[in-house]
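Heads up, the next two complexes both have chain A, just with different partners, chain B and then chain C.
For the complex of A and B:
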């Protein structure tokens, strides 16, 4: 792609307006702990972490047209490795964090090797099955994973023990990671993923190695899911088979869909909406899962492009 | 209004409603009521047990008119969804947003362990009448996590192993759900039984929610053992007991069960097939102790069912905390004092009809009943004590220090003495 002569000024690949928006959002997010209670800061932290997970799924779903039901497992593997490395192997938090992310990336690479040649429903089923294998291992390999009981440890470094400090650390991490993801999907490589989504055969006939591109896309996406998983392990100081279970993958996918498939940053919006809803509703009724279900149906009917997608559509209509 | 307009306005309405009901409400600490956060699985795999947990607590609070030590009690109930992540989130909410003075509850060991790990950091008193994971009052004890009116998994199977020896059993096979609770209960029995000269012929571990036990029962029938020990909970227990009978093993090989296998929550739905199964426990709803009889009668009158372990344990657990609070004048804000007082309090009002105290590790010392399932006059089945082991420690007759040097029971370590 050649550069147009009248290209507007760009800062780190963003238009000035995007930079301003990003900075404002960051500033508001950073100021949140000053007004929220401890518990709410905890919730906000969780929203950020799950936002990263939803975004990592969106890289595949929104840009390569492959919805993965195995990302919960990748996310959880990272958590398991982080807790194991700190609690059992006695590593300091940062190397443990790195190990967790590496492990998740490796698992993602293995998933990718097996899954990239499929698409549609087959991709869905294959990633689901791979995720179930990971779950089964975590459940049954009692000596290492603690089985049903999971593993506990003091994973957070001492300077991140307070809710506020940890929130800011996660916020900084999430900001960097989302920027990286945004650059990734807008890079020439990211555009090839879009091309594959729209027409695999055309990309192939143009000479692109489609499986290789999907493999790299999947692995990178797994890397980001691994970061989210490691942060989650630090957040909870605890990991158990439910962290790698199918429900976790589904939750990630639902957050991504609620935010808007292909909107990338919608991940945060979806995660925030679902976690807030879960907490608000469960305070009133034990049937909160039902309310959640109805909400999803409503989102699908009224906002099939997700929250971000619909907002964007409304805004552009206003501007005209 | 055209469709587009309708979509727009209704979306706006929904999102506004969502924003308004958001949980961003500040809660302030106040000197008023004693706030107790109750975590129970009201949804998920063990939801029925969770409901009985809530009943147990409410049964007690109703009996004292919602007042402990002259202060009103505010009970905040949260659903842990049988999931440790959810349990953790709800515990945070109860402590940090709800400003609960203490937490009580959880059923599944993994939910309890997750919450225990969390309160280790906050110092909130957390009472676990149901969570049986051995190490919470042994190798990985947390001071503010106290097993009031609960039991550690292997505490009752130790004497059960001894009792089996006294019956003249020399060969036993075990079948158990393959998770920590099962490993610990089987381990307790296996260690005492083999150290006393018995032999564990074979151990079968099956996944949770096994629908068909015939592969296991077929093998068990061929082992020529004196008795079979089954460690099953919930629906697995129901299925195993039914299939044991339909396999023709009932009456041929005595069936010994972990206490949860013949708990009311299981045998309530069963008929003759559960008749005669032996289990070891602190609580036997069919006891002739007048205090136990009164409790069972009143509970049955109120909820229309014989109390299960869940109702009984939560009832006794909250009573324990209440008795401690009465002693310290209801000053629940002083956590350290509350923890100390609870640890020192001896439960006088227990439905067991006997005073119960905690050992130095925060685990109660009980008289362990060897109980048998028998038919009541009205045709319902319940557990009646056959014999009893007084004042049983969770360490059985071992020295606590030496005992805790051996690894926790697991599938790999069952304490089986090598011959």
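For the complex of A and C:
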């Protein structure tokens, strides 16, 4: 047997090459504010936040084989709680942040309880419906959520008020969270999600409680989406029903698909590509959503594996 | 004979009016090799699904190793030591052979809940996996993705997945289905070389293969047990010949 006899050197579970790549990417990302305008730094911040959201969706879609259309709502709940806790309840930013993530995790757990026994299009529709309920609550519960007007609040701590400082904080947060998600999908538990994706019935007959595994996977994924949502609330100092709307979930899913389903880090690539495109195109035409739609159709036809998946395929072809 | 490990009492599995398994009782002693034969539609695979827990019986009782498992879900039965293969190959096609084996192995270990742990197998696990892959003779293919294996190799892996956990009851659902004659004799060799502590119940259409492997044969017909006899007597049994070939017509 070849396995397990000679383990290659690992640093925190990563090969030396992966460590170098990660450090270079981080260094480049950290240097960006030195050359970008404030507006562009804002865009980069947004890309990081949505990258985390797209990755959290990919945990379910790419690994457990279940695409959630409810993650925008989980993301948004976290934002609502953060803004409410600071602006209305007067909590300091960090406890508010923690509360937001906890609330999102709880909402994800409730979604999970209802959705884990389904798969395929039923999972899609059930998560969609659950997301719509959250959206409806945010829209109608006016005394608490501010209804259609949303809520404004100074959510950022004083030391994160500048664009640059906030960007660096988000970058650090995104780096830690990405590492955690990477560890999660590669862990023994992550392998069980892949097993469920490939054959639920085999997993059951091997002794796995499939719904329990999906419940844990969904809740952990919601925890990460909640972190993205709390960061987004701090980024905007504002939440409104559009933060929890279906469009938010769809955007997250599209970013994940554009990056590459199951590629995990593709979430950042997809988020960057779509946010850049949105901004570039909307400068020229009101109909930027149409251009976005066409882009997606082109991706689905010519690069269904997403940007990362296609790059990987091209690279392996070249190596042969 | 030693004490029974599997006892079915009057098990019924009904789909509305259709009673696919209609009052089957049988007792399998520990360590026995048992074949379940019968024509298509006799209810063999449905009975397997009832034993493994995929289809809870609509009536009767199933006891495994002193536990009443009639209402237990499949994963709980697996944890008690019931392991099965599938008639239609049921593997994890996008994962490597190695990862398939790791999943099989960890189904009964708490390590499956390690959320942020390292993916590496420890040396005990590696040994068990190597042993099972050796037993089914695909040790050299550990790093290949399952969808790139030949059909025969996939059938071998099918057995390896159910073996690696050291089960106490192994349910083999047509282990040789669709294999070439040489592959069939290899599968027969694999089953013959299994540890005698493992109780084996197998469904097989290939009579020569099945009868050469087992101590006792249960022949099912239309959801019921027709006869239960040792292989030699089954070969000569008129009833069995009739259900397979039809009643001889008298002029």
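Keep this in mind: the second predicted complex is superposed on the first by the 317 of 320 C-alpha atoms of A that agree within 3 Å, B and C clash if a C-alpha of one lies under 4 Å from a C-alpha of the other, contacts with A are read in each partner's own complex, and residues count from 1 in each chain.
Heads up, the rule we're going with is that a residue touches a chain if its C-beta (ideal position, glycine included) is under 8 Å from a C-beta of that chain, and two chains touch if they have at least 3 such contacts.
Predicted model only: the values in this text are computed from it and were never measured.
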{"item": "Which of chain B and chain C A:240 touches, first, second, both or neither", "value": "first"}
{"item": "Touched partner set for A:184, first chain B, second chain C, both or neither", "value": "second"}
{"item": "Partner chain in contact with A:276 - chain B first, chain C second, else both or neither", "value": "first"}
{"item": "First (chain B), second (chain C), both or neither touched by A:198", "value": "second"}
{"item": "Partner chain(s) touched by A:88 [first = chain B, second = chain C, both, neither]", "value": "neither"}
{"item": "Which superposed partner A:162 touches (first chain B, second chain C, both, neither)", "value": "neither"}
{"item": "Chain A residues within the chain C interface of the complex", "value": "1-5, 7, 10, 13, 180, 183-184, 186-192, 194-195, 197-199, 201-210, 213, 216, 220"}
{"item": "Residues of chain B defined as touching chain A within the complex", "value": "7-8, 10-11, 14, 18, 21-24, 26-27, 42-43, 78-79, 83-85, 88-90, 92-93, 95-97, 108-110, 113-114, 117-118, 121, 133, 178-180, 183, 208, 410-412"}
{"item": "Residues of chain C touching chain A in the complex", "value": "52-54, 73-75, 78-79, 83-84, 86, 90-95, 98-99, 102-104, 106-108, 111-123, 125-126, 129-130, 133, 139, 142-143, 161, 165"}
{"item": "Residue ranges of chain A touching chain B (in the complex, touch as defined)", "value": "36-40, 42-43, 46, 140, 142-143, 146-150, 152, 161, 236-238, 240, 242-243, 273, 276-277, 279-280, 282-283, 286, 288-289, 298, 302-303, 310, 314"}
